[in-house]
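Given below, in the form of structure tokens, are the structures.
You will see chain A twice below: alongside chain B first, and alongside chain C after that.
Up next, the complex of A and B:
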């Protein structure tokens, strides 16, 4: 058994190098294929990661708690039943990476020239630092200083649209729970910028206490937002939060709140698999072709081995081993090449040239390729497993040769 | 004990719209320790007969027995097993695996049989020396002359002491001195190990040695000469 395996391996290896040129061409194809699989996956994953992390570690967090009706109708009447203090008591010592309570309602912001519908976020800036897309230090002017800050921070883009600027006054208008108009003048104390341009137009930040007073909701909030360690692994956080809150509220994962992002993540994961398989299909044509040619050239010696008493399975094994050797060699070089080309780029690729368009999709202008272990494993596994099956057919045909016909075949 | 028994073998090939009887109701028996030469004009059916005996080709009708066991209806796997362990082959057309050296070719059958490396090495070097190829052990077939390749093939056929050796023109391509050497080797194995030989040949020297001479024509045995007395 070991003996047979040894001779099969030896024959496979020598046969592989018998036609140098053909083997090298095929090897090159495998190397480039695998490199392309891993490299493209790393870029895609880097991009997705960036978008998602920017978008969700930002506002939605990983898990949120709301009044059951709030997600359909994000309205100030759909407040959480618990007062802030009670929420804080439960969440404070639960060990989340970060958590915060917010009031998030639709509002209209007006300058003396223009009005825009916006999403008003009443926040406690200290609590939000870990999960805001706003880089506090990059805010023009200043960010909010506490829950009872009297100022308002708006996006640069919105300021342009409203034709207002730092230090000017704007009027914020919304409704209180009794459907009465609640409005108040704010001074613009800070202008933030965001990687995602839409955010600059949509979100305005005010102190949570200030907003609670304005909307006459006392110490109530609309949302609890919790940030865990890994956005791909929200279930533990989800379970923990669910255990902390009473029935009668809705706990949601980020992909349920931002269905667009959730779908995108799934689409991108699927895209990676499709990409890997498409490259593999291209490779497998070459692989099968190479093997068919190799078998065709060796009809007589295959016949000889069968005639001398080697079992058909030995012939099958020989061809499959040869194919696997080719693939493993190609994979090794391809993986190294991918690693060598991705590593130097991990500090970021400047894609600002095309970033204008990308920013709309929620991508940053610097792309950080992400070489993930599981993607490398995926690419290698696909090539090995499918390559194994692809080589079975020529190998099978070779093993079915009639020894005498094969041995007397005139090539 | 009979080593090989063929009963009423028929094999017909179609060439164009002509039927060629490669074996025509042929029956033959070879005793254990026999040394039989098959001779015929080209196309007489020698190779076809050897293939039928070696389980490489199924006759259209008739029966083949090796050491009393019927083999013409065995499965592929069992036939492979039989060839591997009990028969040494020298083929007429093609004999050596191109990527293996002389020594590795000789070791091939033993290696598939599962003989340990050291024993293989010892036996193969010894037999290569006997067929006069010492020093050429590491040559690839493409680096050897036709006669040298032929000797490697013979060495492989006899190295693991099979009970039966089927050789198709083993001395073709050989000068008379080397041919005589091989014949002596066959003789030695035949006499000391009781190996049964069935050799298809045109070579007068081999025929001269054979204990029994079988002349064929168009798939039939036309003459059998017992030379034992000689």
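Up next, the complex of A and C:
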């Protein structure tokens, strides 16, 4: 048995290099195919990862607590039924990486010439530094100094749109819980920049206390946000938060708040498999063709081997082994090539040329390819398994030859 | 309500027959002018012309005001806009359009938008006049024009006032007719101005009967409001200023 296998392997290897030009071309195709699978997967995963991390940083917090109606209608009437003090008492000693209470409501910001709809965030800047997408030290001017800061911090892009600038006054307009207009003038004390341009237009920051006074909500807030260690594994934090709050509120994971993102994460994992299979389908035509040719060329030889007493299964094995050898060689080189091209790019690819388009998708303008071990394994396994099945058909045909017909066949 | 006032009551200003005080205080002048725009109540018919370089449209409206909080404006002409109305009550604002048969409360997000397509914003129309208390007033100058004393007043909004302007300037005649109201941005550049074009004696008062609002950087685009008839200090029932009257006029 072992002996037969040894002979078959030797035969297969030699056959492979009998027409080395054809084998090299096929090898080239496999290498490029595998490289494309892994490289493109790494790029896609890098982009998705970036997008998700950016979006989570804007949520922020992997687990959030809201009024049950708030997620459907982010309105100031849907306040948490707990005063801030009570929340702080419970969360303070729970040992989260970071947590904060905030007010997040839609508002309108106007300058002399323009007005724009924005999302107003009433925050306590010290508490949120760890979780914010804004780098406080990179803010032009200054960031908020405390929950009762009287200034407002807006995005650079928004300032441009409103034709206002640092040090000027803008008017913020929103609604109080009685649906009456709540508005106030604020001086722009800081301009922040964000990786994702859309955030610069969407979010404005003001002190939490100031916002509570403006909206006449006392010491209530709309959200509690809690940061965990890993965005892919939020269950422990979720369980801990759920235990801390009462029944009348909703605790949600980030993938429930931003279902688009959550779905995307799952779709992308599936997408990698689809991508690998699509490339393989293209490859498989070449592979089967190569094998069929190899079989046709050797009809008389195969007939001879059968006549000399080789079992049909031996012929089958020989051809399958031949194709496996081709694929394994191709995979090895392809993997190495992919690794060699991704490694130097891991520090980031600057795609700022298309930054605007990327920003529309919510992605940043630097792409960090992400080589994940499981994606590499997936690509290799798919190629080997499907390759095995693809080579079965020519191998099967070869093993079914009638020796007498095969020997006398004139090519 | 500042410009509903413009529409309905500002134009009616002119009670003031007494001469200017010897030592005029800027805030008092503004307050007097505002009080005189409003009167206690008024009913008027006026026309509004919205002018753009390539088109122009005009409409005729009826307006009722009572006190400083309540007002109702209803379009009479053109026919296709007939019945469109705006009700304001204490900073809140509702509109009604017979075409959709629905009363809509103007949300804060729409307060900055144009009122009936004109150069006035909803906020201009709905906001009760904050100009007295939310600004610091200084008397810049007092001069004579056509035999009347004209006060030039600069009003700077307080730090936390919900006002985008850097400052406003008012020209108020001694009989409290506002001749001009200019809005400057925070760089001191003129953004828009409301100018009185005609002053007439109407309903027993001297009022600005034709006024024009125009943006400084687009002088070809303006909105003009002219008062056709006016009565005031008349008895208007509170039921006029209700949502049901906005929807179903009971005249």
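As a convention for this text, the second predicted complex is superposed on the first by the 367 of 411 C-alpha atoms of A that agree within 3 Å, B and C clash if a C-alpha of one lies under 4 Å from a C-alpha of the other, contacts with A are read in each partner's own complex, and residues count from 1 in each chain.
Keep this in mind: a residue touches a chain if its C-beta (ideal position, glycine included) is under 8 Å from a C-beta of that chain, and two chains touch if they have at least 3 such contacts.
Not measured: the values here are computed from a predicted model.
After superposition onto chain A, the modelled positions of chain B and chain C are compatible, with room for both.
Using the contact criterion defined above for the overlaid structures, shared-chain residue A:88 touches neither chain B nor chain C, since it reaches no partner. Chain centres taken from Cα atoms put the angle at chain A, between chain B and chain C, at 150 degrees to the nearest 10.
Touch criterion met: A:404 reaches chain B, while chain C stays clear of it.
In the superposed model, A:3 makes contact with chain B only, not with chain C.
When the two complexes are overlaid on their common chain A, residue A:249 makes contact with neither chain B nor chain C. In the superposition on chain A, no contact is made by A:273 with either chain B or chain C. Annotation: superposed on chain A, chain B and chain C show a minimal Cα-Cα gap of 83 Å.
Overlap of the chain B and chain C contact sets on chain A: empty, with no shared residue. Against chain B, in their complex, chain A makes its touches with residues 1, 3-4, 6-7, 11, 14-15, 18, 300-301, 303-312, 314, 403-404, 407-408.
Interface residues of chain A facing chain C in the complex, by the touch rule stated above, are 106-108, 110-113, 115, 117, 150, 164, 168-175, 179-187. Interface residues of chain B facing chain A in the complex, by the touch rule stated above, are 51, 54, 56-57, 76-77, 80-85, 87, 89, 91, 93-100, 108-109, 111-112, 114-115. Only residues 91-92, 105, 107-109, 111-112, 157-166, 183, 185-186, 191 of chain C touch chain A when the two sit together in their complex.
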